[in-house]
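Both complexes below contain chain A, partnered by chain B and then by chain C.
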Partner chain A sequence: MERSPLVPDPGSAASSPGLPRNLGLPEYVTRRPSGFYRTLNPATKLAIAALEVVTVFLVPGWLGPIAVLLVLAVVAAASHTARALAVIGLAASPLVISIMVVNLFILPGAVDPIFRAGPIAPTWSGLWFGLLTSTRLLVFSSAVALAYVTTPVDDLLADMSRRGLGRRGVFVVGAAVQMVPRTIERVGEIMDAQRARGMDTEGRIWRRARAIVPLAAPVVFGALTEVEERTMALEARAFTAPGRQTQLRVPADRSRDRALRWAALLALAGVVVLRLSGRVG
Partner chain B sequence: MSLDLAAVRYRYAGSSSVALGPVDLRVEPGMVVGVAGANESGKTTLCLVAAGMAPGVIGGRIEGSIVVDGVNAATLRPHELAQRCGLLFQRAATQLTHTTATVFEEVAFGPCNLSLAADEVVERVWWALGALGIEALAPREPTRLSGGQGQLVALASVLALRPKYLILDEPTSELDPAGTALVADALVRAARETGAGILLVEHKTDVLARIADEMVVLDRGSVAMRGPVADILGDVRLADLGVEAPAKVRLARDLQAAGADFTAELASALG
Partner chain C sequence: MSAATAARTTAAPTIEFEGVSFAYPDGTQALDGLDLRIEPGETVAIVGQNGSGKSTLVKHLNGLLRPTAGRVLMDGEDVRAVHVARLAARVGLAFQNPDRQLCAGSVKAEIEFGPRNLGIRGAELDERVKAALDAVGLAGEVDTNPYDMGYSRRKLLAIASVLAMLTPILILDEPTTGQDARGVARVGSVVAAAAAAGRTVIAVSHDMRFAAECFGRVVVMRDGSVALDGAPAEVFAEPHWPELRAANLEPPLPAVAGARLGLGSTPTDATLVAALVELAPERG
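Here is the complex of A and B:
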């Protein structure tokens, strides 16, 4: 077989000392997480997250959210992710506030006012329903966030690939997960460019809101025009070659993972069946 | 053994006008062919056509033939062509996958797509990084690199597929002088150590003067000038084609205009 000029011949300049050499697969590629929860297989963490989400919404009253919240608190403390989850929880605060306000004042059918001040009459029912809904929302987002912050994206993708998801599917999932930081980065670049041209993007809320319009178009159109170049760049890297992608690192899938996954899926099915049969709720 | 474009003409999909051609061009292994031209002269189109992206991926209509080492490029599938003609674009950001945690894994993406054995992938990655002298970047996060470093990682990602020809579309166009110097140094090194044939589209003629052996100048899609790089870059007609001469040439000309005889220095400046 003919040798490519880019393939170093033994004894050629490229294979001489001091020039390119094979240092083996580095540790930062084979990196292994530490701690019980972080070392779980990504699919196991997804199964647990699914069980938590279903429990939060299908188990009636406070039992579901509180039970899941206790589990999350223990896992977050053990995996040192409490701070990250708190930040994510804070990000949900505008939604929580709006849920509380809407339910507190205009919950349909609520007739137990806490007090009356003219047309304003917050109700006890609205307060409890708002708190329950907000708690469900926060526990739900924390369950998903815990799986996210304890699972490197490339571990998730490698595991999906190992389980037979095609390279297109894996890439779509990876690109979707990375879309948020990439979009934030792009918004920053465009804001810098707009500021350089005199646009005021800071200060009072109405000024910031007014700056969104000229930001939105470049972000959206820029992303669209990037698609063609990204497609060609993928083709230039043999993305459409047949066969399975080589895996440099495959997340471990131990017997404890399989046991936990089965337990989580059985419990999830149990919650659904109990809910549908009317034995709970 | 060469990359040959013969009487190539290309129209973009939906366009009635010819964007490129007729163009005849040959790139041989070990040779660096520089391409310059004004905006809209067809430089990027030439890259896309030579790498088989046009019409293979983006559509359009092509006439003439592109032959890679005796094989008609039209008969090759994109991943087969990618192993013969590597293509590098202007912007590093759009070439990175954004799905890998380290530069090592980013460079490994292409070889992994070829379903090579893991040992072979690892060997190729180290080789590609070493060919550009950027092994130290291997553990870094690809999205947190400077523009020049990102472009080098993108180039290493292409090199890892071990193509016989590299087609580089203005790899320094978005870089500052430091980034340009970084990429230019790496290209010199890559040309020397890989022996690949390189088609380098570049509007910074100082870079071409340093790297290229031969040069063509495009004008409205066609080849307006071609020859040894020193001859082309010293030709006074270059400016009429929207291409600025290298700084050394302009300086020598200014000094000549001031009455000094710098013929020897001019020749020396162009190597």
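Here is the complex of A and C:
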């Protein structure tokens, strides 16, 4: 019988160290992340991100955002994710600018103008409040983004299913998380198709706004069809068959993960309790 | 088609690719020093294995992609300088995936989308919608929601929505994928009608039979450049089979049959039959 090229040669597979590359396994099974933060268990990263988010918003004043910012800066540098975070920061810049402008000029109750030029009177308290709000926003999104960019989606899902989330739950979370990049890609292609049919998406703002309308239908319908098709494809491959599934790879959950996770959750509880009891702020 | 619209579609420009290279942002080199010249009114099938750069090539024609090196010219004018929305009046492109371009709630609105963007209104718009629907055999579906239609009919709708723009250049990216014999025949007659009206027709296809039967010229792409280029009888002639097979393409059956019978290059049913009749005239 002819050997199909997809079936691995058992001899060569046995001779290579660790998991053999060409065992016909998907790439996410054989690929290994490296580095301290990247190799943390996904649940640990989520716990840390949760602590950071709560600290940013519950610890009043500059203490919370600055403390978290320092932690993030160290981790981002160590895990080589500074670039990715910078891109996310840039993407948030329109929001940051509008927050700054709005607060600077029209913070309610602010009576300490920096200068006056007719009706224009930016205030010191507006400036501070705008800066603080923007920093919180940026630190919050960086904390979530850091966990996201360092965690392969498959790892997150594999870990959740091991923790007993159930196949349907894992599928729902997976579909939601993967929806983001897929939707971005789809929007790009749909816009191309519509420009090809003469839709003017360049130039004035109202023209671009008008172009959003014909975008909505294919984006939403396309996403729904895709989820439906993927559900059926999973069914066809016995996704909901009774019995335990074999997991090809499970992200490690070491003692340092458990320690870090407990520490993060305790600290989180601590921040919440201190805040509620009014001792902070 | 009215005299006015027929007159508008006769002015197809000459298309020239001069040493065009294109790399996607992730570094994939999709086009690599490609040279190609297409005269007004030609019908060209672009074939080649998956990933050889066919879709990338056609997206350069309406400015959706801009070359990283080289130039794309229309009647000598560099398309780099022209907005996509302006080029849309000259180049109609039906994408490979219909789900990424259908955007309206009814078939009629879908077909009107392109012509409306070109400023067409009133009776002429109605006339174009009707002609496009007739051309692809969807005349009974005016009010259907595109998302209630099956894949093959969504694909035909996407083609109709571009046909209605009456652009001098018509490009179809894999129009026959998922079509049954009747659907393929429909697409074939769309190509023939557009060519008869003087429009340049370019189609990307994996269907060698469709390429040989419906097009005057076949361009074989391989690794981002042109590997073979000529009339079907030249490209599908026996000496080129090794090159075709290297690009994962099989010559159409009549070509193989004709070569086996020593009849020369007979890429289409008609040429094979003609050669056979000549071989045995007393029976024909």
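Heads up, the rule we're going with is that the second predicted complex is superposed on the first by the 239 of 281 C-alpha atoms of A that agree within 3 Å, B and C clash if a C-alpha of one lies under 4 Å from a C-alpha of the other, contacts with A are read in each partner's own complex, and residues count from 1 in each chain.
Assume a residue touches a chain if its C-beta (ideal position, glycine included) is under 8 Å from a C-beta of that chain, and two chains touch if they have at least 3 such contacts.
As the structure is a computational prediction, the values presented were derived from the model and not from experiment.
Comparing chain B with chain C, the partner in contact with more residues of chain A is B. By the document's definition of touching, neither partner reaches A:D112: not chain B, not chain C.
In the superposed model, A:A175 lies in contact with chain B only, and not with chain C. In the superposition on chain A, A:F221 makes contact with chain C only, while chain B stays out of contact range. In the superposition on chain A, A:L157 contacts chain B only, with no contact to chain C.
Once the two complexes are laid over each other on the shared chain, residue contacts for A:A193 go to chain C alone; chain B is not touched. Within the complex, the chain B residues that touch chain A are 29-30, 48, 51, 53, 56-58, 77-79, 82-83, 86-89, 91, 94-95, 97-102, 104-105, 108-118, 121-123, 126-131, 135, 138-139, 143, 154, 157-159, 161-164, 192-197. Put simply, chain A touches chain B in their complex at residues 4-8, 13-14, 19-26, 28-29, 152-154, 157, 167, 171, 174-175, 178, 181-182, 185, 226, 228-248. Of all residues in chain C, those touching chain A in their complex are 59, 62, 64, 83-85, 88-89, 91-93, 95, 97, 99-105, 113-114, 117-118, 147, 161-162, 165. Listed in rising order, the residues of chain A touching chain C in the complex are 186, 189-190, 192-202, 214-215, 217-218, 221-222, 225.
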